[in-house]
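As structure tokens, the structure follows; a few thoughts come after it.
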Amino acid sequence: MAATINTILTGASPASNGKAPSDALSGVKGVGNPHHFLAGGQGALPQDSRGNPWTGDYVFSSGDLVEDLTHNFFLETGARNNKLKVYEMVDHPAARALTGYLLVRGGVHQIAYARALEHLTGADLTKLFPTPRIPTEKIPECQPHIERGDHLRLYRFSPSDYQELSAVFNGPNPETGEELEVFDQAPEGVPPRDLPPQPAVFAPDYAPEEIAEIAARLRQGAGLPKEPTGMVADLQEATKRSTKKATSRSRSRSK
Amino acid sequence: MAATINTILTGASPASNGKAPSDALSGVKGVGNPHHFLAGGQGALPQDSRGNPWTGDYVFSSGDLVEDLTHNFFLETGARNNKLKVYEMVDHPAARALTGYLLVRGGVHQIAYARALEHLTGADLTKLFPTPRIPTEKIPECQPHIERGDHLRLYRFSPSDYQELSAVFNGPNPETGEELEVFDQAPEGVPPRDLPPQPAVFAPDYAPEEIAEIAARLRQGAGLPKEPTGMVADLQEATKRSTKKATSRSRSRSK
Amino acid sequence: MAATINTILTGASPASNGKAPSDALSGVKGVGNPHHFLAGGQGALPQDSRGNPWTGDYVFSSGDLVEDLTHNFFLETGARNNKLKVYEMVDHPAARALTGYLLVRGGVHQIAYARALEHLTGADLTKLFPTPRIPTEKIPECQPHIERGDHLRLYRFSPSDYQELSAVFNGPNPETGEELEVFDQAPEGVPPRDLPPQPAVFAPDYAPEEIAEIAARLRQGAGLPKEPTGMVADLQEATKRSTKKATSRSRSRSK
Amino acid sequence: MAATINTILTGASPASNGKAPSDALSGVKGVGNPHHFLAGGQGALPQDSRGNPWTGDYVFSSGDLVEDLTHNFFLETGARNNKLKVYEMVDHPAARALTGYLLVRGGVHQIAYARALEHLTGADLTKLFPTPRIPTEKIPECQPHIERGDHLRLYRFSPSDYQELSAVFNGPNPETGEELEVFDQAPEGVPPRDLPPQPAVFAPDYAPEEIAEIAARLRQGAGLPKEPTGMVADLQEATKRSTKKATSRSRSRSK
Amino acid sequence: MAATINTILTGASPASNGKAPSDALSGVKGVGNPHHFLAGGQGALPQDSRGNPWTGDYVFSSGDLVEDLTHNFFLETGARNNKLKVYEMVDHPAARALTGYLLVRGGVHQIAYARALEHLTGADLTKLFPTPRIPTEKIPECQPHIERGDHLRLYRFSPSDYQELSAVFNGPNPETGEELEVFDQAPEGVPPRDLPPQPAVFAPDYAPEEIAEIAARLRQGAGLPKEPTGMVADLQEATKRSTKKATSRSRSRSK
Amino acid sequence: MAATINTILTGASPASNGKAPSDALSGVKGVGNPHHFLAGGQGALPQDSRGNPWTGDYVFSSGDLVEDLTHNFFLETGARNNKLKVYEMVDHPAARALTGYLLVRGGVHQIAYARALEHLTGADLTKLFPTPRIPTEKIPECQPHIERGDHLRLYRFSPSDYQELSAVFNGPNPETGEELEVFDQAPEGVPPRDLPPQPAVFAPDYAPEEIAEIAARLRQGAGLPKEPTGMVADLQEATKRSTKKATSRSRSRSK
């Protein structure tokens, strides 16, 4: 979600051109959420719709497996309701695309907790679905994800993690009857692309080009290639490349 | 830290033996922190020493690189002070071992932010070290980590991530003069071992043996091996094994 | 619950005997929860185990009937877990009696929400029971309530309110198979008895006897009987008496 | 107050007509208070003007009678100020009618606490009235309530509760000189009418007609009359009716 | 800052003319921040941009001098960023003048903490300046303060307080090279002028002229001069006058 | 209050003697309030008995003079109750001396607000006194302050500030009948003495003697006398001395 918000905010600040702030920013008046503007550096903040921060009290861990699963099943139910409301509140295509995606994926998480409860206790929660009764099949922004099968899949980060997922996440999707599946790799779009640096109009730090110059100099001093290796920007590409070379200052652990 | 707390709490509840709770738990009176006992299922909670939860307001992201680095440098400074105070407040060997480790590692993070500021602006913060003036060389629980070189290392999760770290994290440790280094693998002890399930005395859920039985049945139904693959318990072992087999219900993504 | 706490605290302050506070209260040092002592006038406060107050954010009203029922079903599940933990943390017989009662009654509320979901969607949640698996039949303090049938009953305040309850609350108790029933009157013990006034040792207000004297004078001035009518102390008795007399200063509304 | 807010919000959501949410709700953009829209199911939430929830810390119970009365007298004073400000901030006739009513009634509560202090200590607070100096006689929305005498009355829920009120609440209204009186019945408008169900546009639950159908079926299964008995909607009517019939599944308690 | 906000709000309420509130205030609808309007009596409140109050948790006092100075240096750095953002968000000339002033003065405080760290540890933080890189020399509202030398001065309240400031606050301003100086008197504009009383439109208290009349009568009764001595309005003037006269009811302490 | 708490905490940490922390502090286990120990540098923190910080929401400024005075009168009433409870909870002589002082002084503030309300509206609140009915004449720690007349005096910081106080604060003390008086100077004990630096056992900063040495060197470099001028420790002495000398780096403002 932060990646989407940051993408929406990219380019939202006018160029400063070395002018005094007051000249460069004449169109910025009337900010909707002043706290976000002041506290967030043109990026997402972990806050709710009141500006209240995420808190550790949201972590629920009772030590009772059935209670924890019941809790999580409820949370996913409530989350889908909220996602639909957000969908209705926004116009920005990226925000609508995000909520369309989240509605589909949240439904998968809901099924995962329901199925776990079913396997553990025998209680059949499938009659509750869809809950809330959100017609994802009528929401345009949900379609690409349904067509790709994302309403059926739980993703692993790699083929070697969470191998026992399929013991719990299986059987038919309660809404469509299609078979659920565990998927061995993160979906397309992971990891997020690096976003271009933004001219720091309001907090006039080093300009993006200055940072780039300093970074290039530091990389060269450290024996790294002149070009950024782009780790965060493209994990798969980097993974391939990273097997071929070694950075000068790091060494592998040998027991 | 949660892994350490959970380890300390493992075995802290008496066996229930099918008796009524009141019989089984005669020694549990006088709980120090009643909220932790009520809300946490014999595990760590993300709270401070007041029981106040971690909040998203702790996320600081001003958008100004120098300001953010200055903030983080300060945070690591304050954190080391608090770690030393925690060290003095606790007797449990595992708690002391944890704070000894954190004091050494926190010092590395402090250096990382100071060095980044130095590379970026030329400001030499090394004269501030050690700050606070904590004599880690006199604290017994710090020694194993210093001997292993953990006061000099920044760890990557794998050889392929964060490849440009060494452009910033380099030069001498301001306290010892030894050369800093980026390390290509997580330190020993990562990932945490799975802790044995605890008899749910206070929240009488399925007994550990019942859960094990249900899990075995589900694994078999899903075509998984009868024995748990132990993913979370031993990541490296699992990684080796995972390349050899495929789970029946999951399939790889093909474009 | 407040009535129980207040009952436990009744008589907890020593008599002041007109002496200076420091003389009268030598045994009061070492108060466990200083905030409760300072803020609460020897009575219950609406706080959790951290001393954090109840908040309106606990009110959940999404507008979606199934979601709200799912939420409440979960809440009752978590509440039973917490009640059992409280049961284990306390020694005071009144506190144990209270939690024994709450465990039985909370189970009824849990069934009510589960049954409502079942009637509405067909989803059978009875396989989840008991959840958490609390053996109320082994807890001594639960027995009087089970024997009276309180594990089967939903109470109405009077024969004329919430008349449609029985349309939802019916069928067998999922744990015992006995038939659920709606009960037309509040259970014994409602309303709470007036507790005797406490000598205000720490906040030396009017002594109880002064208050009684002022109250008697005011009642007489208002044409009320000399003896208190005891409204709060005994609702049923008062109801009977109230039909026979009229207070001098109040008159009934006539349209 | 919640009843008023809910009444104002009734009908605020457009009909969904089975269309996808995005089609049905084109006019909903630009919601003033996004948190209320997300968290509240088209109904009131117990929050202040910042969206901060009501908290149990508002409960004041020092154990000292004079202090508690002084506190409550102050609270009513401040509340009237805030009510006037709310009055000025709103245009909606129902909101203005509500604040007009609250200004009159809040004045009565203020007098009640002042008179109690006077009876108890002899301190005459009448010279403070009106405080704040709000000219209720000039505010149109206050007139119906003043004409009905609501600036003089304290209501009991029934002739049998709080019978000793008149010992404290008596004497002249400090602003008008008219005699105060205790009234034996709730004012007109109590209890609130049931509001018609709203089409759950944003949280697409069962449609109102589906709920009605399910409810009718459940009532019949429970031996209740086909028509709702309307308990909440009309307490007096229901009270009359309830003495004549008994519901099939409920039975009275016999000792 | 409160003085500036109060000045901006002075005159913001229309005259009431003895009319009912609803008539006098037709232009007040659409208040931006309803909580500030309700809770603040047409004056500043100690809140942040979310309406969250200042809290004592902002007080940082670790007991470690270097840590505390590092913390304060960071705080001033972050504060300047926020001030610039506020500058960009506001149009009101008084608000812009205030932030221009604060940007200059905040820079002085930043230098003070950096210089203290330098004197104590030898660490040279001057290379970090300006941080954030705010071009105060290009911001019109900063110019009067730079011309007066306010970017170089730390003020004492009087020649006799904080006499050792100059031991720490000295040397060149890192941005301009000009010599820093400790100044023996509060800058012009201290203390703030008394603002004229506002007609209490929304909380109709005594009118300003009534208050003035009551105040004059009380002053005379106390043997004070008929005219207010204007203490808060002009501290220097008052200081001069106060040495010449003595008020009738107060006497100096004699040991 | 902070001065008293800091005095009590002075000397509470053992000497470190250059030993590792674990050796020096063997007696520190079992800290009552862990958060205070961690966050406060052996000094007071602005928190309540729950560890919750002071908040700006405690600032009450409605804009309505009578409402604000009523609020403050209530606050002083509640504060005296709490002070008595604190008195009963503590054994430390300095803590008891502090609360004895505060009980006397809080009573004066209570009278000040009551008298202001009386002058403004004519309402006589004296019949409420003492409220709560605290027998200060029986509390030993209150006697020195009553004997000195501190139950009658409102202090000004100097003869030239708040000159109009006596117009409001006058007439008899409602409990003793003695005449109230405005006093032209702060009471003995203002300003607080500088407390000796504490060895920073838990946050091993520079030792007190190192700080003293650095401070001496800085003072000399700044042309200040070798000995500290002791400003904070003795305001009156400093005031006398400060008129005779000028510090080298500061100059007076000339218009």
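Quick notes
The first chain written gets the first letter, and so on, giving A, B, C, D, E and F; residue counts start at 1 in each chain.
The rule is short, and it goes like this: a contact is a pair of C-beta atoms (placed from the backbone, for glycine too) under 8 Å apart; a residue touches a chain by one contact, two chains touch by 3 or more.
In this text the structure is predicted, and so the values were computed from the model without any measurement.
Touch-path distance (fewest steps) from chain B to chain D is 2. The chains in contact with chain D and with chain F alike are C, E.
Farthest from chain A, judged by the mean position of CA atoms in each chain, is F. At the interface between chain B and chain C, under half of the residue numbers appear on both sides, which makes the contact a different-residue one. Rounded to whole angstrom, the centroid-to-centroid distance between chain D and chain E, based on C-alpha atoms, equals 43 Å.
A straight line joining the Cα centres of chain C and chain D is 23 Å long. Shared interface positions of chain E, i.e. residues touching 2 or more other chains, are given as 39, 62, 64, 66-67, 81, 132, 200, 202-203, 205-206. With chains as nodes and touching pairs as edges, the resulting graph is of another kind, matching none of line, ring, star or complete. All chain pairs that touch, listed by label, are A-B, A-C, A-D, A-E, B-C, B-E, B-F, C-D, C-F, D-E, D-F, E-F. Taken together, the chain D residues at the contact with chain F in this complex read 62, 64, 66-67, 70-71, 73-74, 77-78, 81, 117, 121-128, 131-133. Residues 39-43, 45-47, 53-59, 61-68, 119-120, 156, 158-168, 170, 181-185, 198, 200, 202-203, 205-206, 211, 214-215, 218-219, 221-224, 228-229, 231, 235, 238-239, 241-243, 246-253 of chain B touch chain A in their complex.
Interface residues of chain E facing chain D in the complex, by the touch rule stated above, are 19-22, 25, 28-29, 31, 34-35, 37-39, 51, 200-206.
Contacts from chain C toward chain B in the complex involve residues 48-50, 81-82, 84-89, 91, 96, 132-135, 138-140.
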